[in-house]
Every structure is written in C-alpha cells, then in structure tokens.
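Each of the next two complexes has chain A plus one more chain, namely chain B in the first and chain C in the second.
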Partner chain A sequence: MNALRRRFQPEQIRELVLIALIFGIILFFGTQIENYFSPRTFTRISTSVAVVAIVAVGQTLVILTRNIDLSVGSIVGFTAYVVGTILSRNNDIPPVMVVLLAVAMGAAMGALNGLLVAYGRVPAIIVTLGTLALYRTILVEISGANSVLTNELPRWLVNLPPVNVFHLGDLDIRLLFFIALVVVVLFQFIASYAAWGRRLYAIGSNPDAARVAGFPAQRIVFTAFILSGALAGLAGFVFLARFGNITVVAGQGVELQSVAAAVVGGVNINGGLGSPFGAFLGAILIDVIDNSLIRWLAISEFWRDALLGLLILLAVATDTVIMNRLRKAWSRHELQISGSETSAEKGGAHHAA
Partner chain B sequence: MRKTNIVILSMLLIFSMLLAACAPAVAPAPAAPAADATEPAATEPAAAEATGEGVPMVLMPKFLGILVFDQAYQGALEAHKELGNPAELQFLGPTPENSVAGQIEILTNATTQGVKAIMISNNAGDQIAPAAKAAREAGMTVVTWDSPIPSAEGEQVFVAQVDFNETGKVMADMARNILGEDGGKFAVLSASPDAANQNAWIAALQETLKDPAYANLELLDIVYGNDQSEDSYNQALALVDKYPDMELIMAPTTVGIAAAAKAMQDEGLCDQVKVSGLGLPAEMVEFTLNGCAPQFALWSFVDLGYLSYYVAYKLATGELQGVEGETFEAGRMGTYTIEKDPTRDAGLRVLMGPFTVYDASNVEAASK
Partner chain C sequence: MPNPTEVHPVLEIRHVSKRFDATQALEDVSLVLYPGEVHALIGENGAGKSTLIKIMTGVHRPDTGELLLDGKPVHINNSQEAQSLGIAAIYQEPMVFPDLNVAENIFISHRKRGMIVNWGRLYRDAAAILAQLDVRLDVRMPARGLTLAAQQAVEIAKAISLNVRVLIMDEPTASLSAHEVDQLFRLIGALRSKGVAILFIGHRMEEVFRIADRITVLRDGKLISSRMRASAAELSSQREQVIREMVGREVGDFFAKVEVPRGKLLMSVRDLGKTGVFTGVTFDIYAGEVLGFAGLIGARRTDVGLALFGIEPAESGEIIFDGQAVQIKTPEHAMKLGIAYVTEDRRGLGLTLPMSIATNITLPTLRRYLNGLGLIRQNEEQRTAEEYRDRLMIRTPSVNLDVGKLSGGNQQKVMLSKWLNARPRLLILDEPTRGIDVRAKAEVHHIISDLAAQGLGIILISSDLPEVLAMSDRVLVMREGRQMGIFTRSEATQETVMTAAMGQHETTQVAPL
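And now, the complex of A and B:
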C-alpha cells in the first residue's frame, strides 16, 4: 500500500478512475444497444471526439494558469471558414501549408487574447467572451453570406476523414483522430516534464508565489493563450476536413464543450491541477455518453440532453468523492512520513494545492 | 501598536468592501463587448429617415451569414429597384448565437426609427409577437416570410415558400423515387425539435404516408441535428447503426442534408443508405453526382425575397389591405392571392410555390 502511495499521486488515480468510468459506461451501453461492441463504435466515437479533444488540450493549458478561453469556438469556426475559402480559390496549396496556415491563424487570434489578459490585466473571462463575439461577427461580416462548398475543396481534403493511419487489431485509427492523439501526447509531455509546463501549474496554484519566485508569469500566460488559439486553429482544420460545407455558425458551442471536457477530466477550474491527458479522457467520456445516448432506443430525443447533463454530474460527483477520500488518505500518510522521517521525497506542484 | 493594528484592520475592511462593491460592477462587463459586437449590423444604417414618398423597409433573416437568406435579399433588392422605392431597403439580422433576442431587438429598434415595413423570417417563435404587435400599433407593416409567427399575432401576412402540405408530398415522392417500387424504410433528420416550419413539414409527411399509395414506405424515426454540422453528422451515423435495414435519410434542412451526405460518403455507406430532403444545389452537387444524394428539392429563395418585398410594399402603401381574398400582381412572378393559412388558425398567407426537384440532370446548372 505504501509503495502504491509513493508511486501514484491522487491525480493519476483520478485518471484511472476516469478510465474505469468510461469502461463502465461502455459496458452498460453494450448490454443496451445491439452491435455496440464493434470496431464501428470505436470509429464513430474516435472520429467525433477529435475536434473537441484538440481544443480541450489548449483549454487545459489556459485553465491551469487560472484563466479561461471562451473564444475557441469562434476561432475554430473562423479558421475552418477562412482556410476553406482560401483553399477553394486555390486548390494547389500543399497540405502542410494548409495546416500551418490554420495553426498560425488560430495563434494570432489567441495572441490577442493573451495580450489583453497577460499584459492588459483584463480578466480572461471578459476578454475571451468579447473575442468570442468579435471573431464570430468578423466572420459573419467577411463571409458575405457565402458558404464553403465541399465540391470546391481539393479532393485530398474532402477524402481525409476515412484515411487510416494504422490498425490496432480490428480498430481503425483514423488520421483525424491520430492528429488529436499526437496533440494530447505532446502536450501531456510538455505539461509533465518541460520547465514551461511545470510553471503553468505553479502560476495557477499560487500566482503571487510564482511572481515572487521570479517566474515570467505574464509571458507564460501569454504563451498559453497563443497555444490555445493555435490548437483551436488546428481543430478548425480538422473541422473543415470532416464537414466540407462550412457556414458561419461552424464551431459554435465548442468553447463550452472544451471547458466541460477539461473539468470532467479533472482540470481544476481554479487552476494548478489537472492534465491534458485528463481533459482528453473527459472529452472521450462525454462523447461516449453522447454518442451512445443517440443510439439508445429507450431514451427519447427530448430527454437526451438532460440525461447527458445528469450523467456528467454523476461522473464528476463520484469522481470528487473518491478524490477527496484519496487526498485525505495521502495527506495523512505524508504527515506520518514527515513525522518519522526527515527527508521528503516529494514536492512538485501536484501538492501545492 | 494596537492603534496601528486597528487602522490596518479597518483599512483592510474598507478595502475588502470596496472590492466587494467593485466586483458586481465588473461582472456585467462580459455582456458589453458581446452586445457591441452584434450591434453595428443593427444600428448603423437604421438612422435613415423616412424620406419623401418612399417606404423605408427592412428585410430580416433568421440570422446573418447563411446563403439562402442572402439570396432572398437579392430578390428583394430586385423588387426594390423595380418598384422604384426611393427610400432605403436594409438587410438587418442578428448574429447566429444571438438570433432570438437579436431579432426582437432589431424589430423594436426599427419601430422607433421610422421604418415603415419589415419582412421577418421568424426564428423567435411567439416570443416576437409582443414586439410585432407594438410595431403594428406604431403603424408599421409587418410581413413574415420563410418562417411565420406561430400565433400570427402582430403579423399581417405570411409569405409561404411552398404549401407546407405539399412539402410532405414532395418528400414522400422523392422517397418513393429513390427506394423504388418495393418501397423501404427511412428516417427523418430534422433541425431543432422546435423549428415551426420543419415540424409542419414532417407532420405533412406523416399525413401523406397514410395514403395507401405510399403504404410500402415506413418511417422509422425522427431525430434532430439542431442545424449544426456536428450534431447532424453524428445523428446520421447513429441512424445507420440503430436501423441496419434503413435505406434512406430524409433531411428537410440544408445543413442536415449536407452533413448526412458527407457522413455517408466518409463512411462508404452511399450504396447502402441514400440521402434526400431539402438542400442547396451548390452544397449538394458533389453528393448528387456521386450518388449519395440522388434527389433533393428546394424552392427559390431569390423569388421568395422578391415576392415578400412586393407584399410588404403594397401593404405599406395601402394598395393591399391584408384581408382574405385580395389578389395582386407581383411583377415578373404574376398574380397571387391572400388566403387563409391552413396550417395556422389565425394566419393569412400568400403561397409562392412550387418546388424544384434536383437530380444529376439539373443540379450542376443550378449550383453555379
């Protein structure tokens, strides 16, 4: 037991609990829905989670610093639309350039948020609510009521969603889902091991202490917003590839879905706790519930949203109860250790909160 | 020593009260930029005064940025020039996320700013009725098009794109054409559960299916994609999973039909499940040519805007009174009659019609 305590932090156990929850829900729906245990279900969920998963990772970086980015929905729609429009006028732009363009466009919009929050000292919720409306309105104005049309896009883009990267047994790993996986792994690594990533936690746990310790807090918050915007831009590209026809309402509501995924995934809304991988699990949990409910004949269309909300609440509540128990157990244990031994083998931002 | 402590304490107290007092003042701020951002569309051109003999008019879509509404504006502009109205025709609409409140706000503002006639594609249900009634009392002409005010309160005439009952028949006919003589099973993918026009069309479809001529068509389910690509795409795939013997998805919404067709194409299901419904040729041309959506229908939004303008202008100038049985000329479109709206107890309508059915033979020309 002690060895176990030493090896795992409560936050890691939280992720295990989330995985267990996801499997529990899958097992339940497996008994309810015909043909549920099939590679097809995996494909359905993995492809539909890609956009929100990518945005949720960026959202996590921002929430870790005790901020929030509500403008991501508009950034997703804006990049999907503008990149789509540019592409339909010029089909020969190489794919790599297209992705870079989407990411750069998102980063620029994120930079405006970051500038106002980090250097202008305006609360993030106000700044990003403003830019949420601002970016959407600019999009509506420049669109001239035209849509991006599937048949004007280059073939490689329209045919991207069914492309497989590799197979895991019977399971197809689609390219768009693979992009999301790469994003999650990359940022999980940065958040856990890179100095910049650890400072996100420090700033979110205790902004004053971080300032006193001499962290360039403003620059780090600024960069977090740029990355959140850049990832929303990448998600905009995935959105464009998946749906082809893009209207000005594209990506509406993604901002709340990404916040929900992060919070369900154990990212503390007050900053300093959580991880990109947790947010990824949160996105999957919500998507599994959502995609299963629309296939469950026992539930009517009108109750689905309410039930989805209820299940998310239940999941989070269960999670919180378990986590509180665990944290208490861990801190008791730490007291015992520090009482008997002088050396403390831990530290780290996990425990700062 | 104790005195300084008390001073510090009281300063802290005052400071915290100041903070507390400031907090609520800051909190409403998020609404401000949001409202500002949506505002320019609504206010800037509305200052136009009623000039001379002209009739200042407003065409209001459900929200800005959707192609079909812009087409309706083109039609209305055509009529505007034809009738030589010296006043301004404005195209004012809310932004997508602010549709209901924005429509009511624009209507209320128009009433106070000298606008003489407004044409509304209502997206606010009966919530807009009080504002519409106030506009009527202020002497404004209120015409709805595309989507009416359900209770018909505050509205003089609804310019209906097609007969809602005919929509049901057109959908049933397309289903029969696609599924063949033997018929088959299909499902409906609609917009939102409370979209008045979609619900009326689906009800008409169900009514049509009772006819023995359509006995071999079976409607399995009605699901809602909320006119969002993601929801519609997921719902279409869920239908395929739920009903392995389903052969057709009928989507009476332009967003839904395109998303469903893309989903079938992405998952290689086009041979198994076809898509049909109401769609825009430009958005559907790819799927019609490759067989995913062999047939779909729509009316002309340009004509709808043109006809709406004629109705509103003639009502505003007193040429029409807005009573049942009146007939009038609408330029290039010919003669129309104001009649009782069979789908709403209290409403009057002008029926435009008819449908154009698109397939591989005519979709390319129409998509240009």
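And now, the complex of A and C:
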C-alpha cells in the first residue's frame, strides 16, 4: 500500500481503475458474444471511438476552466457537411488543405463561443446551447435538404477508413484512430508540461486567485474554446471520412457523448481536475460498452441508453465517494510523515502561550 | 424600564468555553440577558464575539459550560432549534430573498401556515407586524428594491413574527447612514418595550453608549467587565474606561521589528478614493519601512490594498510609484511596477487549492520557468519551491503536496513565497497572521522584519493591534473608509490607535481629507 502511495496520486489511480474496468468489460463480453476476441472487434471499436475521443479532448480543455461546450455536436455536423459539399464539387483539393479547412471552420465557430463566454461574460452553458441551435439551423438552411453522398467524394477520402498506420500483432491501428491518438498525446503533453495547460488548471481551481496571479485568464478561456471548436472541426473531417454519407443531423448527440466521456474519465465538471488522457479512457469505456451491447442479444436496444446514463451517474458517484476516500487515505499517510513536525508545532504554540 | 434584578433573565450563558485548534476562542464566559434590555457586547476583532453568537444560535456547541433558557438548561444544535426557542440573529448584511415580496420574506420561516398561501391574510398579518414597529412599507413590494435599513426592518419583523425573545444584532449599523441608524434605533426601542432581550454588537462607541442599557467587554475570549451604562454625567469617563478594557492586551510576547534606516521614497499615495468605499487615503512609504494599517472590521483597509494592487482599482486620487505617476488598473500592471499583494482570503483570492505547493508558488511567475519551447522546466520549479520551503520554514514532506493539506500557517508561508518570488519592491500583506498558531506567527514576524531590512517597503494590514504596533514603523488608522491619522512609532499606543479606529473623537493627527 505504501509503495502504491508513493508511486501514484489518487487521480492516476482513477485512470488505472478505468483501464482495469475496460479490460474487465471486454473479458465479460468475451464470454457472452461469439468471436468477440478478434482483430475485427478492435478495429470496429477503435474507428468508432475516434470522433468522440477527439471531441472529448477539446471538451476537457473547456471543462477544466469551469466551462462547458455544448455546441461541439453541431460543429462536427457543420464541418462534416460543408467540407463534404465543397469536396463533392471540387474533387481536386489537396488532402492537407481539406483537413486545415475543417479545423479552421471549427476554430472560427469555437471563437464565437469563446468571445461570448470569456469577454462577454455570458455563462458557457447558455452561449453554447445557443450556438448548438444556431450552427445546426444555419446548416439546415444552407443544405436545402440535400445530403452529401459517398460517391461524390474523392477516392482518397472514401478509402481513408481502412488505411493502416501500423500493426500491433494482429491488431490494425487505423489512420482515423491514429489521428485521435496523436491528439490525445499532444494535448496530454500540453496539459502537463506547458504554461498554458498549467494556467488552464489554475483557472478552473480558483478563478479569483487566477485573476490576481496576473495572467490573462480571459484569453486562456477564449483559447480553450477555440481549441475545442478546432478539434470538433477535425472530428468533423474524421466523421466525413468514416461515413461518407452526411445528412443535416450528422453529429447530433456528440456534445453529450463528449461530456460523458470527460466526466466518466475523471474530469471534474467544476473544473481544475482531470486530463485529456482520462477523457480518452472515458470515451473508450463508453464506446466498448455501446458497441458490445449492440451485439449482445441479451439486452434490448432501449436499455443501451439507460446503461450509458447509469454509467455516468456511477462515474460521478465514485468521483465524490471513492476519490474523497483515496485522498483522505493519502493525506493521512502524508500527515504521518510530517507527524513529528505537527506535534512540534503544537508544542511550540503551547509553550509560547 | 423595570429594574432588571427583579426580572427573571431570559437567557443565561454560564461558564462557556470554546477552543478551535490553537486558539482559545472563548474562556469561561458568562452573560445574562434580561427581557426588555439592550445588552451591548463590545471587543476588538477576534475577541470572541462571533463565537459567542454562533454558540447562541446553535452553529457551534460549547466545549464546556451551559446555556439556560428561562432557568432551564438547553442544548441548541442548529439555527432552526435556536429559532424555535425564540433566539434569532440579524447580521450586518440582511439575509432577505430579493425576489420575494416583503410579506413573503417576513413569513418565510413559518411552517405552520398551511399548504396553500392565503395571500389576503399573509398581507394583513405582515402589515400588522410592521404597524407594531411603526414601519411604513408596502408589503407587496419585492425586497430587491429596499434600502438596507428597510431590509433590516423586514428581518426584525420576521423575528417578531416568530415570537422572538432574544434578538442578536451583529453590527447592524455597519453599513447604515446616520438617518438609517436613527430608524433602526427606533425599532430597537419598540422591541425593547415589547420585552425582547437584545444583544447588540457594535463597533461605534457613540452608538453603543446611546442604545445600550448594559455594556459587556470581551477581550481574547475572556469576559473583562459587564456594567450598566453610567448616567450622563459619568458617561465620558466610562467610555474611556471601556476602551482601556478593550485594548489592554499584553504586548510583551511580541517580536518587534528591527529598526533599519529608512531608504528612499518608494510610493506616494494622495487622496486615493473609490465611491462608497474609501476616501482621502494619503501616505508615503519608503524602502525598508513597515507601514501598518490599523482599524476595525469595515474600516476598508483591505479595499485600499485591493486598489493598490489593481484588483479593484481606485477611482480618484493619485499614486506616484518611484517618481512616476501611475494608474494601477490590473494586477499585471501592479506586478510590473513591483507591487505584490498577499491576500487575507487564502482560499478565495490566495491559493489554488487542489494544486501542489510548487505549482502555487510559481503561478504568477510561470513565464520565468519556460524553456525555448514554452514548456515548464519542472526541475527549476521544484528547486525554487524547495528554496522557499527552507527559507521560510514551510513544514511539508514534499513541495509536490497539495497545498490544501498544509496547516494555516504553512499555507500562509506558501502565499508569501509565491509573491516574494515575484521579487516585489512593495509588499502588501493583508492579515498575514490571522488564524495561524503562535509559533508560525512569530516566524512570519521575523520574515517581515528581514524583508524590510533587505529594503522592501511593506504595508501591513492587520486587525491584531499589538502586532501592528510591534511591527510597524508608522501606523495609519482607518475608520469606515476614512483615514483617521498616521502615528509614528512613539505616538502609536493601543489607546491612541483604538481611539482613532473607533472614532471616539477625531484626533489632532487627522490627515487632510
């Protein structure tokens, strides 16, 4: 137990527990579903998790500052549709430009959110609920009820999902999943090592103290929303590549899935605690359950949503109950280390008084 | 008024003691409240007044001693129980619900008025209570638009509707104008004639001597004296006696600042003001000097600190820093000038609690720890934190520990480290030793003295009078947003400073306003 304490902080234990839980669930479904342990299952889950994982990383950045971004679902749909439409009219745009276009479009939409929240001081839940409806409505308006169709898209894009980056034994790491991995690693790195990331946590932990510490808190919140939008834009591109056929309802519900992934992954909804990696694990856990339940005949379609909801409640409950216990156990231990000091302090006080 | 000795007391507090960690908040305090009597409770900040109120209203339970209501011992476990026993408290800031109307506010705590609101009766009953108090107020008006005095009238009406027998008023006049104070005192008169026992906590001497029948002084958690108000002839000698009793603390065990030659002029502040907060703050501060800011709660000393650091900027007056006229509008700007502010509000403005000691210390100066790629050099950061841990004697096994787990004194040292690391030339310390134990306090005093010796200018805002006197080269006294005077070390005594802080009479030292 002591070795455990020295090596890990409670937040890291939480992530280890998540990983164990994911493996536990996979083992369970392995006994329930025929041919579950196959490379195909891995491929299916890893490609389907990519979109939500990318969005959840952006969502995490925003939640860390004590805000929330509910417009990401609309941004995913908007970029997927608009980029798809542009590509179907002009198949020759270079791939790099396509990705940049999607990211820029998302960033612009995120900037509007950030402007209103950080500088306009409107609560994020109001702003992004508004832009969720606004971006979707604009999409419906410009679409004229048409859909993007796979056969109008350039070949390279349609052929993207099965592209492998490398193999891990029998398991294929598909490009779309690889993009998500890169995003997670990059932002985990920024969160742990960059000044910007550090300040993100400081703002969420104590906005007042952040203001007094003399760094541009508003600009940092603004940037977090831009990044959330940009990542949603990137996810829109992945969405387009994966599905090909895009209707005006594309990406609906992604906002809730991303919030769920972050919360299940240990990101505190009140800001200041959590990590992009945790949100990634949360996204995987939800996706594994979702994907497996579809194939598990023992359960009806309607129960899938209920189970997902139950999982979120469970995550929040463990957050408050178990994490508090862990933290207490940890600090008891630390008090023991400094125990002699503490008693010396008391004794000193006594004498002086 | 009946002679209290023939009347049975409503509430008796007998030999009550209460301890919080290192501080003995109350020690063997006894107090008797009679019906129809206004009992004033006075004392410096930290004398134990609030703890006593909290014990009476069931927020805290006494460690030893008991409370007797009508001669029978009672145990009060929460404010609802206190209320049902007829004990209620109203505070400086009235707690009304702004969106409910006056009548609803008066009856908000009534649970026996049935499931369905009989609006007609509600309004009639509310109007009847207000009429008893001779208050003219539309009972249908939402509380939002009411003045503070009117809100207090609503609170008092609420207490009456609950058949209050003991009403505690905690500095009810603090934010009222003179006219509103008159109105409030009329209400207190009405309550007195209804036989309510009133415990009145106040800081303004003239008000205390105007309204109180009996005056009790607390100091350092102990009851010092309790007496009936003197007749008009002896009033002024009694006032002086009371002030002496409030401040008569032992100064002996305090570490005194080491005198160093005054350096060059660091900052001049002229006629600094902010509407409705403070006016006419005028002082110079030199390198190597500790300028104490003394005053009671509500003197607005912290607001001056917040203004000088740009958190709540001043609106008028001028600040000359290092010979340059400056307008400090943001903390960034203040930091650039070389000003740092260590807040009194450790958990609010001070520390980011779930984060580690090291990350807290480097937060305002993070830019210094970045490498070429904009990443934090965590080794460097670690080294700085460990340096301060050794220098300020922060007791912790590791600088990576969550600051929230440290004791108050060590948290205070982390905040000091954080701002010392910004290498300021002017350090504003706001209540740097509040709520920390004696040993940590002495250490903080040594640190302050050392820093001044190194040439820092220090503004020391403190409600601990002996501390201000021992640590300051000069003491600036404020009272309700006004500067009452600046005393040199030899002029500043507990009596002169407290007299100025309480506005007993304007001193000859009053700075030009």
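Convention: the second predicted complex is superposed on the first by the 318 of 353 C-alpha atoms of A that agree within 3 Å, B and C clash if a C-alpha of one lies under 4 Å from a C-alpha of the other, contacts with A are read in each partner's own complex, and residues count from 1 in each chain.
Keep this in mind: a residue touches a chain if its C-beta (ideal position, glycine included) is under 8 Å from a C-beta of that chain, and two chains touch if they have at least 3 such contacts.
As the structure is a prediction and not an experimental result, all values here were calculated from the model.
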item	value
Partner chain(s) touched by A:P161 [first = chain B, second = chain C, both, neither]	first
Touching partner for A:L307 - first (chain B), second (chain C), both, neither	neither
First (chain B), second (chain C), both or neither touched by A:R199	second
Touching partner for A:L273 - first (chain B), second (chain C), both, neither	second
Which superposed partner A:A133 touches (first chain B, second chain C, both, neither)	first
Which of chain B and chain C A:A210 touches, first, second, both or neither	second
Touching partner for A:V249 - first (chain B), second (chain C), both, neither	first
Chain B or chain C, by number of chain A residues touched	B
Contact residues of chain A, present in both the chain B and the chain C interface	none
Chain C-facing residues of chain A, complex	193-196, 198-199, 201-202, 205-206, 208-216, 272-273, 331, 334-335, 337-338, 341-342, 345-346, 348-349, 352-353
Residues of chain A that touch chain B when the two form their complex	35, 40-41, 43-44, 48, 51, 123, 125-126, 129-134, 136-137, 139-141, 143-147, 149-151, 158, 161-162, 242-250, 252-253, 290-291, 294-295, 297, 301-302
Interfacial residue positions of chain B with respect to chain A in the complex	26, 29-30, 32-34, 36-38, 40-41, 63-67, 69-70, 95-97, 193, 222-224, 227-230, 233-235, 237-238, 241-242, 244, 255, 258-259, 262, 266-268, 280, 282-283, 285-287, 367
Complex contact set, residues of chain C against chain A	22, 253, 309, 311, 330-332, 334-335, 341, 343, 348-355, 359, 363-364, 366-367, 369-370, 374-376, 378, 395-397, 401-402, 405, 407, 409, 437-440, 442
